[in-house]
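Take a look at the structures listed below.
Shared between the two complexes below is chain A, which has chain B as its partner in the first and chain C in the second.
Then we have the complex of A and B:
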C-alpha cells in the first residue's frame, strides 16, 4: 500500500522537474508557479490546520472535523492552574531566559570571529570548517557527546544555575555558524576607509573599534543575536540529553506528546510559539530595512552613488 | 558559503598577532568545549567498558560494538536509516530544485524575490517539535488527507489508518522539515549564475533542455551538493520525527541511540553513534568526490 503513495508522489514530482528541464522559461513558468503554490501549501498546510484546530471549543479533538470553531478555550486553558500548565509556563519562562543569554553570546562570538576573519591568519581554514561543522552535526550526537563529557567530569545535569551552562553552550554552538555568516556578509561589503581615517588621526585600535567599527556594524551584530535567540528558543535535540530537570518549552512539548493524552492545548501552544517566531522574523526585517534605507541615504549625501552601485545592489539582494 | 580564502574579506586594518589571537580565542574555546570535545567523547566512550550507570574511563575494549552487532536489529536499522536518508535527499532535490529555480530565475524584481524567499524560509524558524506535531491533524486516521479521500473524493471507503505511524508519513514529514536546507544553497547558486554563459548557449541555438543540462545544471551543482550533504547528514541523525510520527513502532539509528542511552548502556549508545558518524563521513566523502566542490566553493 505504501508503495502506491511513493509512486503517486514520484509521478507528481516529475512533472514540474521535467517542465523546468525541457521547456523554455516562458512556457515552464506557469507550471513552476503552480508547483510553487503547492509547495507553499505543503510547508504551511500542517501549521494552518493546527492553527484552525486550536480555536475549537471545549469539546474539540485532535483531528478533523473541528468542533465549535471560534473559541479561545484552549488558549485560556494555557493559563490554568493545573500542574501541567504551570510546568508549561515555567518552560516558556526558562526558554525565554536561555534564549536571551544565547542571543548575547552568539552576538559576541560572531562579532569576534567576524573581526578575526577580516584578515588571513594561520589555521583560519580549519577554524572556518569547525564553525560550519556545527551546522552539519546532528543534534542528538552533540547532546550525547556532551552528556558523556558531563558524566565524565561528574557534573550534575540540570542542577541550579550551573545546570544552564551546557544548555546555553550547545545552543550557542548551533547558532554560531548562522551569526558568523551574517557577520561575514556584513564585513564583505564593509568600507574600511573610515577606520583608516580614524587610525591616521591617531585613534588607538580599541577606540577605532568602539567609535568607528561598532556603530557601522551593529545591525549585523544585532542580526546575529536575533539568530541566536530564535534558534535557541526552538532548539530541542541538542538539549535533549543534557537538560536534566530543566525543561525548556520544546522539551516540555516533546514530553507531553510522548507521554500524556493529547488535547488541543498542544495546538494552541504550537500557535503561540509560531507567532513568537514570526514576530522575531518581522523584527529582524524591520531593522534590516531601516539600516538599508540609512545606508542608501548616506550614499546619496556622499555623492558617490554611482561608485557604490554594486555594493548597494548586493545589499538589496541580501535584504540588508 | 565559500572556502576560507574566498571568504576572508581582507578589508581589515593591519593588526598585531596578539589582537588576532584575542578575536579568535573566545569562539575557538567555545567550539572546542561544546562541539569538538563532545564528538571526540562519543568515539572514546564507544571504546570504553560499560558500568551499571555509565562507563569506566580509559578501560579500553570493543565490547560495545560486540553488543550492538549481537543481533541483526542495529544493522537492519542502519540499512533502513541509510535508505530513508537517500530517499529523503532524492525527494528534496526533486522538490527543492524547481522551487529554487522558480525563485531565482522566474521571479523578475529583486524585491519580490526577497519577499518570496522569506516566505519560503520562514518555517525554518518555527520550533522543530511544533512542526512535527502539526502533522498530527493532517496524517492522522481522521486527518485532512483521509477526510478528503473518504468524504470529498470518495475514492476509499474507510480511512487509511496506516497513514500516520508509517514510514511514508515519516518520509513526508522529513522532506517538509529538511527541504529548506536544499532550496537555500541551490537558490543562492542559481541567483548568481553567469547570465552571459546562458545567453551565449542560447544564441548558439541550444534547445532549452540543452541549455539546462549543459550550462545551468553544471553551474548550480555546488549548491545541489551542499544541499545533499545537509539533508543526508541531518536525516541520518534524525530522532524526534521518527519517534513522534513513528509512534515507537519504527526505529532509526537515532532512536536506537536514545534507547541504549536510557537502558543505560552508554558505550553501546556511543558505538551506535560512532557507526552513524562513520556512515555520514563516508556519505559526505562520496558526495565530495562527485564533483570538484573544493575548488568551486
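Then we have the complex of A and C:
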C-alpha cells in the first residue's frame, strides 16, 4: 500500500517537470500554476492550521477539527503566571536580547570582513574558506565539542551575564558566513569610483567611509544584521549543549514539547513568534524603501537632452 | 625649469612585474592651457593623469605645479581635481550635495558653500535640477554635475579622464565646444585624456600623443595633423599613408626615397643609402586616370568609396597594401565610377612629410 504513495509522489514530480520541458509556455502555465498552489498549500498549510488552532476556546484540541473558534483564550494563557508561562516569556525575552546582540556582532564583523576582502591580502583565500567552513560544521557536534572545552576551562557555570558569552559566540559564528556572503555580494556590485572622487575632493579615509561608503552599503549591513537576528532567534543545535542554565526560546520549546502535556498555547506561541518575524521583515522592507531604489524619473535618452540643456558658456557669460 | 604651470620631469611609472606604464615623460604645461593626452588604450595616458592627480605615485621623476612639488602629496591636498571617467558622482547625494562636497571637506560653513555650489550649478546650467539625485539625470547632465563639483573647489588644474566617452555623438560634439568655451571663460588648466583623435584636434591648445608608454609628440593640432613626427603618430592620427624605402638622393632641400610604391620626393634632408620613411595625408592625395608620373605617383585599384558627408574617403589597394585618399564631396559621381578600377594616385612634393626613423 505504501508503494502507491511513492508512485503518487513520483507523478507529482514528473508532471510539472515534463509540463515545463515539453509544453509551450502558454499551455504549461496553468499546469505549473496548479502545482505551485499545491506547493504553497504544503508550505503554509501547517502554519495556517497552527493559526486556526491557536484561536480555539479553553477546551481546544491539538488537532483539527478546531473547537470553539474565535477565542483568544490561548493567547491570554501566554500571559498566565504559571511557572511554565513565566519560563516561556523568559525564553522569549532572552532570545530577543541574544539575537539583537548577535545581529549587531554579525553586522559589524560582516562589514569589516567585506571591507577587508575588497583588497587582496595574504591568507585571504584561506580565511574565506575558513569563514564558510562553519556553514558545514554539524551544529550538534560543534555544541558538544564546545561544551567539553568550556567544561575543561571552567567556563560552564552559565551564571550571570557571563553565561551568555558562549551562546552569543556560537550563534554569531553560525550567522557570520551568511552576513559575510551578503556583504561580499554588496561589495561585488559596489562602485568604488565614488570613493576615489571623495578622496580627490579632499575627504580623509574616515570621512570617505562615513560620507560615501556607508550610505551606499548600509542596507547591506542591515541585511547582514537581520540574517544574524533570525538565525540566532531560531538557533537550537549549537546552543543546545552549551547554554547552561539559560534557556533561549527554541530550547524552552524543546523542553516543553519533550516533557509536558501539549496544549494549544504552543500554537498561539507559534503565531506570536511568526508575527515578530513578519514585523522584522516589514521593518527591513520599510527601511529599504525609504533609503532609495525609488525608480528614477523617466529620463529620455541623452540625445534628446541636447536641446533642453542651456549652454554652459552662455550661462557663464550671464552669470559673471 | 619653469616655475609656473605644471611640470613633469623625467617621470616614470613602473608597475610590479616590470611593466613600464609611463616612461621618460618630460612636459611643461602652462597655466590656462587646454592639453589633451591622446593615445590608444594602454599607452600610459590615463596613468600619467593619475600621477598628476595623485591617485598613483611615479616610480621616479618629479611633478610640480607653480614650482611646488606634488610628489607624495595626497590627492586631497593637491590643487588639482579630477573629473573621473563615468563621472563617479555620489549616487546618494543630490546635485547640490555633490557639488558642495569639496567645499564641505575644506571646512567651509554651510551658507557659504551652498552659495558657491549654487553658483557653480548655475554655471553649468543645471539650476532647475539642484535637488535631484544623479540617477534622475541624463548622461550629459551628470557630466555637468561632475564638472561643477570640481570647478567649485577652484583648482589650478582640472583633469578629465575620457570626459565625453559616455555621451552619444551629437552631445559629444556639443560638449566639445562647451567644455572648450568654459575653459577659456575660467582660464583654468584643463588636462583631458582621450583616445579620440577628432576630439583632441578640435579641443586642444596642445596635444600630447602617447604611445608605448612614452610621449611620441607634443604639438598643436595643426602641427600634429600636418607634421606627424614619426610613423606612430602618423598612423595613429589616421588618414595618413606611410611609405618606407631607401634614400636615393638628397638635393635642394628635398630627398628622393625609393619605395615599393615607386620613387617619392619629400621636403627634408638625409643621406643617400639610409632608410627613409615619409607620410602623406589622405586629403593631399588626388586620384585621376592620368598616367603614373615618375615621382609621387602610384597605380592603385579603387576598392571602396566611403561617403563621409563632407568628403569622400577612397580605399585604394596597392599590391594588397591599403592606401588612402580623400577627395571633395562634389566628386562623388566621378569617383564612384572608378570603383573596382585602376586609377593613379598622385600628390605634390610639398605635401609629403619626412618621418623620423
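Definition applied: the second predicted complex is superposed on the first by the 280 of 320 C-alpha atoms of A that agree within 3 Å, B and C clash if a C-alpha of one lies under 4 Å from a C-alpha of the other, contacts with A are read in each partner's own complex, and residues count from 1 in each chain.
The criterion applied here is as follows: contacts are C-beta pairs under 8 Å (C-beta built on N, C-alpha and C of every residue); 3 or more make two chains touch, one makes a residue touch a chain.
All of these numbers come straight from a predicted model, not from anything done at the bench.
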Contacts of A:237 with chain B and chain C, given as first, second, both or neither: first
First, second, both or neither for A:207, with chain B first and chain C second: second
Which superposed partner A:199 touches (first chain B, second chain C, both, neither): both
First, second, both or neither for A:113, with chain B first and chain C second: first
Touching partner for A:5 - first (chain B), second (chain C), both, neither: first
Contacts of A:216 with chain B and chain C, given as first, second, both or neither: second
In the superposition, chain B vs chain C on chain A residues touched: B
Common interface residues of chain A - those touching chain B in one complex and chain C in the other: 191, 196, 199, 313, 316-317, 319
Sites on chain B touched by chain A in the complex: 1, 3-5, 7-15, 19-20, 22-24, 26-28, 30-31, 33-42, 44-45, 54-55, 57, 91, 94-95, 97-99, 101-103, 105-106, 110-111, 114, 118-120, 122-123, 125-131, 133-138, 140-144, 147, 160, 162, 166-168, 171, 176, 191, 208-209, 212-213, 229-230, 233-234, 236-240, 243-244, 254, 257-258, 261, 266, 269-270, 273, 276-277, 284
Of chain A, residues touching chain C in the complex: 191, 193-194, 196-204, 207, 211-212, 215-216, 292, 296-297, 299-303, 305-306, 309-317, 319-320
Residue ranges of chain C in contact with chain A within the complex: 53-55, 74-77, 81-82, 84-86, 88-92, 101-102, 105-106, 119, 122-125, 132-133, 135-141, 144, 147, 149-150, 153, 167-168, 170-171, 174, 178-179, 181-182, 185-186
In the complex, chain A residues that touch chain B: 1-2, 5-6, 9-10, 13-14, 16-17, 19-25, 28-29, 32-33, 35-36, 39-40, 42-47, 49-50, 53, 61-65, 105, 108-109, 112-113, 115-121, 124-125, 127-142, 144-149, 151-152, 166, 169-170, 172-173, 176, 181, 184, 187-188, 190-192, 195-196, 199, 205, 208, 230-231, 233-237, 240-241, 249-250, 253-254, 257-258, 262, 266-267, 269-270, 273-274, 277-278, 280-281, 285, 313, 316-317, 319
